[in-house]
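Common to both upcoming complexes is subunit A, partnered first by subunit B, then by subunit C.
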Partner chain A sequence: MKEVVIISGKGGTGKTTLSGSFACLAKSKIMADCDVDAADLHILTDPKILHQEDFYGGGKAWIDKEKCSECGICRDSCRFGAISEQLEVNRLSCEGCGVCFHVCPEGAVNLEAGICGQWFISETRFGPLVHARLLPGEENSGKLVALVRNQAKVLARKQNKDTILVDGAPGVGCPVISSVTGADYVVIVTEPTLSGRHDMDRALQLVRGFRIPAFIVINKADIHSDLADTIEREAEERGVTVLGRIPYDPAVIRAMVQRRCVVEDRNGVANESIRRIWERLESLL
Partner chain B sequence: MIISVASGKGGTGKTTIASSLAAVLGPRAQILDCDVEEPNCHILLKPTIESREKITLPVPVVNMEACNLCGKCGEVCRFSAIILIGDQVLTFPELCHGCGGCTLLCPQKAIHEGARELGVLETGFAGPVEFVHGILRVGEAMSPPLIRAVKSKIKSSKIAILDAPPGASCPVINTVSGSDFIIMVTEPTPFGLHDLTIAEEAVSLLGIPVGVVLNRSDIGDTEVQAFCRTKNIPVLAEIPHDRRIAEGYARGDLLVNSAPEYKTLLLEMIDAIQDLVNHPRGTVRTATV
Partner chain C sequence: MSRTDELEEVLSQIIDPETGLSIVRMDIIQDLAEHDGKVSLVFRPSSPVCPMAYSLANAVKQKISDIEWVDSVTINVENFVRADHLQTLLNG
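What follows is the complex of A and B.
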C-alpha cells in the first residue's frame, strides 16, 4: 500500500482538481481529504456518509464564577492573553495549556474538552473517502489530519487497496507537516508564477527535510511558459521529477461548477494532460 | 484603520488585492503579510528590507542537578513536550506551545526557558509603503506566535493592510482579530463559495464587518452573489478574468501596473470600507471597471 500526498505550498494551484482526477483514474484506492480547514474534495465526489464521529480538541479553560475569588493569578499567568480583565476566557485565544487551571488557588478553573470538528467515512462514485471538518476558527488541525490519515490507512488495509490519495492543505505549517509526515510520496502542484515557484520551493524544502520522494506538476503551464521551463530546469537540477504540465483550460472550471472531475468528461487539453501525468505517476510508485 | 484581506480558499487573489491596495494608498498605507507560511507580498511589492529579527518561542531547558524527578512538569504539559522517563526528563521542543507551565510549576525551580526559532520578521519600505512580513522557518508547525509578532508592528497612524493566510482555522483568526474590516476575496466557483462560507462563519465569531471582492467574476456560476445577498454581505468589487492580469501576476507585477484602470476602483473601495466601518448599515455599490 502506497500513500501519495498532494500539496502545493501556494493555495489555488489545483490540488483538489488533481486529487479528484487521480481518484477517478486510480483503480484500487482510498481518498483522504486532509485539508480539514477548507475541505473541498467532497464537492467533486458527492459522498454518502457511512460513518461519522466527533473530534475532540485539547480543551479550553472555563472559570467557575461561584468559586472564583477574582485574584487574577490566572490572567497574569496566561501567555496567550486569553483571560480578560473581567476574568473571562476568550475561547479563540485560549491555547488549552492548562496553566490557569494549575495556578488557580480556588480550584475555579476547569478544562473542557470541546468538540472541534467531525470526521467521516463516506462512499463516493470513485470509492471510499475519509474526510473531516474542523469547526471554523478551531485549532488542532494537525491532530485531525493525523486522524484522517490513520483512518484511511485502516480502511485501505481492511479493503486491501493499493493506494491512498491524500489531498493536502496549502502552506507549510501544522496541517501540511501532519499530512506529509511518514508518507510514501508527495506530489507538489505548482503554477508558473513567481509566487507559485517561491511557495513550491518552501514546500519542497519541507518534503526533502522528511526525506520523502517528491514529484512536481505544473498547472496552468501556459500562463508563463518561460517560468514553467525555469521551474522544470530547477527541479531537474535538484533531482526532482516533473510529472508533466497542464495547460490552462476553462474545462476545469466548467467541470468544477458541475461538481465533476475534469477527467470524467474525457475531452479537453487538461483532461489529456492529467491522464498522462497519472500514468507516469502510477508507473513511478 | 486595520483592514484584513482573507478568503478561505487559496489562490483567489488575496495578495493581489492587498498589495495593490497598499500601493495605491502609498504613504497612507502599511502592509503586513501575515501569511507567514507562504508570504508573497514581497514578490509583488519588492520592498527594501531594513531590519530583520529572529522570532522565537520559549521552550523548557531542564537543569538535572536541581531536578528531583518528581514528574510534575510532565503532568502539567498538555502537549507532551516534556516527560519524566526513568531518571531523565526528556523535552520535545518542537511540540512545545511556550505556555511556560512547566517552568512556572516546577517545585524545584529546575526549569528555565531557552528558545526555539519560529522564523524571521522583516520590515522595510516598498516605495512609500511601510512593509512588514514574517517568514516561518520551514519545518516549523506553529505560525500564530509569528503572526502576532508581525501584527505587533501595526501602526495606528496608517491604514494597515493585513494579508491573511488561506483557510479558516487559528492562523486566520489570529490574523484578522482586532481588524476594523475584513475583505474576503473569492471566486465564483463551488470551491470558492464553500471556503468563503466557512471563512465567513469563522470570522463572524469576531463580529467584524465583512465585504467580498469577487475575483475572476465571470469564470463560474452566480452562487457567491446569491450567498452574499442572503447573508447581507456587500460585494465591494467584481474583477473579471483578464489574461493581462494573470500574466502580470505570474511575472510579479502589481494588479494596478498590469491593469491601471483598477487604481480608481481600489481607492473607491477604501472609501466604501471607511463608510461601512463608520456606518455599518450603509449600502455599497459593487465597483467594476
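What follows is the complex of A and C.
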C-alpha cells in the first residue's frame, strides 16, 4: 500500500483538480481530503456519507463566576485578547493555550474540550473517501488531518487497497506537515508564477526535511512558458522529477462548474496531460 | 468474555492524544494473540516518525501487564524509525 500526498505550497494551483482526476484514474484506492480547513474534494466526488463523528479539539477557557474574584489577571495575561473587560471568554478568539488557567489565583478558569468539526467516511462514485470539516474559527486542523489520514489507512488495509490518494492543504504549516509526515510520495503542484515558484520551493524544502520522495507537476504551464522552463530546470538540478506539464485549458473550468473531474470528459489538452502524468506517476510508485 | 476480548477492551482505553481515538480503532495494535498467559502483539504507529510511539507503546505494555492472568508480554514494533530501540526497551 502506497500513500501519495498532493500538496502545492501556493493555494489555487490545482491540487484538488489533480487529486480528483487521479482518483478517477486510479484503480484500487482510498481517497483522503486533508485540506480540512477548506475541504472540497467532496464537491467533485459526490459522496454518500456512511459514517460521521464529531472531532474534539483543544480546550477552550471558561470562567466559573462563583469562584472568580474579578482580579483581571487572566484578562491581562491573555495574548489573544480573548477575555473581555467583563471577564467573558470569546470562544472564537480563545486559542486554548491555558495561560489564564495557570495564572488564575482562585482556580476559577477551566479548560473544556469542545467540538471543532466533524469527520466522515463516505462512498463516492470513485470509491471510498475519508474527509472532514473544521468548524469556522476552530484550531487543531493538524490533529484532524492526522485522524483523516489514519482512518484512510485503516480503511485501505481492511479493503486491501493499493493506494491512498491524499489531497493536502496549501502552505507549509501544521496541516501540511501533518499531511506529509510518514507518507511514501509527495506530488507538488505548481504554476509558472512568481508566487507559485516561490511557494513550491518552500513545500519542496519541507518535504525534503522529512526525506520523502517528491515529484512536481506544472499546471497552467503555458501561461508563462519561460518560467515553466525555469521551474523544470531548477527541479532537475535538485534531482526532483517533473512528472509533466498541464496546459491552460478552459475545459478544466467547465468540468469544475459541472462538479466533474477533468479526465471524465475525454476531450481537451488538460485531460490528455493529466492522463500521461498519472501513468508516469503510477510507473514510479 | 474471551481473553482476547479482554485484551482488546483494555487496549481500547488507551487514547491517542492527537486523534482522540483509541489505538485499537487506529489499527496501531495488530496480530494480538494470547497463549497460556503469554501475550504477543505488533505495535505499528500510524507514522514512522510518530512522536507518541514511546509513550503509547509503554502504555500498552503496562495495561496488559496489569491484567491478572498475564505472565508475559512480547511486543514487536513495526513501521517506526527507531523500532529496534523501542522494541529492546519494551522486551528487554
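Observations, loosely collected:
The criterion applied here is as follows: the second predicted complex is superposed on the first by the 281 of 285 C-alpha atoms of A that agree within 3 Å, B and C clash if a C-alpha of one lies under 4 Å from a C-alpha of the other, contacts with A are read in each partner's own complex, and residues count from 1 in each chain.
Please note the rule applied: a contact is a pair of C-beta atoms (placed from the backbone, for glycine too) under 8 Å apart; a residue touches a chain by one contact, two chains touch by 3 or more.
Just so it is clear, the structure is predicted and the values come from calculations on it, not from any experiment.
Applying the stated contact rule after C-alpha superposition, one finds that A:Cys174 touches subunit B and leaves subunit C untouched.
Contact with neither subunit B nor subunit C is seen for A:Cys71 once the two complexes are overlaid on the shared chain.
When both complexes are overlaid on chain A, the residue A:Val103 reaches subunit B alone and has no touch with subunit C.
When both complexes are overlaid on chain A, the residue A:Phe55 reaches subunit C alone and has no touch with subunit B.
Which of subunit B and subunit C touches more residues of subunit A: that partner is B. When both complexes are overlaid on chain A, the residue A:Met1 reaches neither subunit B nor subunit C.
In the superposition on chain A, contact of A:Arg157 is made with subunit C only, not with subunit B.
In the superposition on chain A, A:Ile253 contacts subunit B only, with no contact to subunit C.
Judged by the touch definition given at the top, the superposed model places A:Leu206 against subunit B, while subunit C stays out of reach.
On the subunit C side of its complex with subunit A, the touching residues are 18-21, 25-27, 46-50. Of all residues in subunit B, only 8-12, 15, 35, 37-38, 40, 43, 76, 78-79, 97-101, 104-105, 136, 138-143, 165-173, 177, 189-191, 194-195, 198-199, 201-203, 205-206, 219-221, 246-247, 249-252 touch subunit A in the complex they form. For subunit A in complex with subunit C, the residues that touch the partner chain are 55-56, 143, 146-147, 149-150, 153-154, 157, 181-182, 210.
On the side of subunit A, the complex with subunit B involves touching residues 8-13, 16, 37-38, 40, 43, 58-59, 77, 79-80, 92, 95-99, 102-103, 134, 136-139, 141-142, 169-174, 176-178, 191-196, 198-199, 202, 205-206, 209, 223-224, 227, 250, 253, 256-257, 259.
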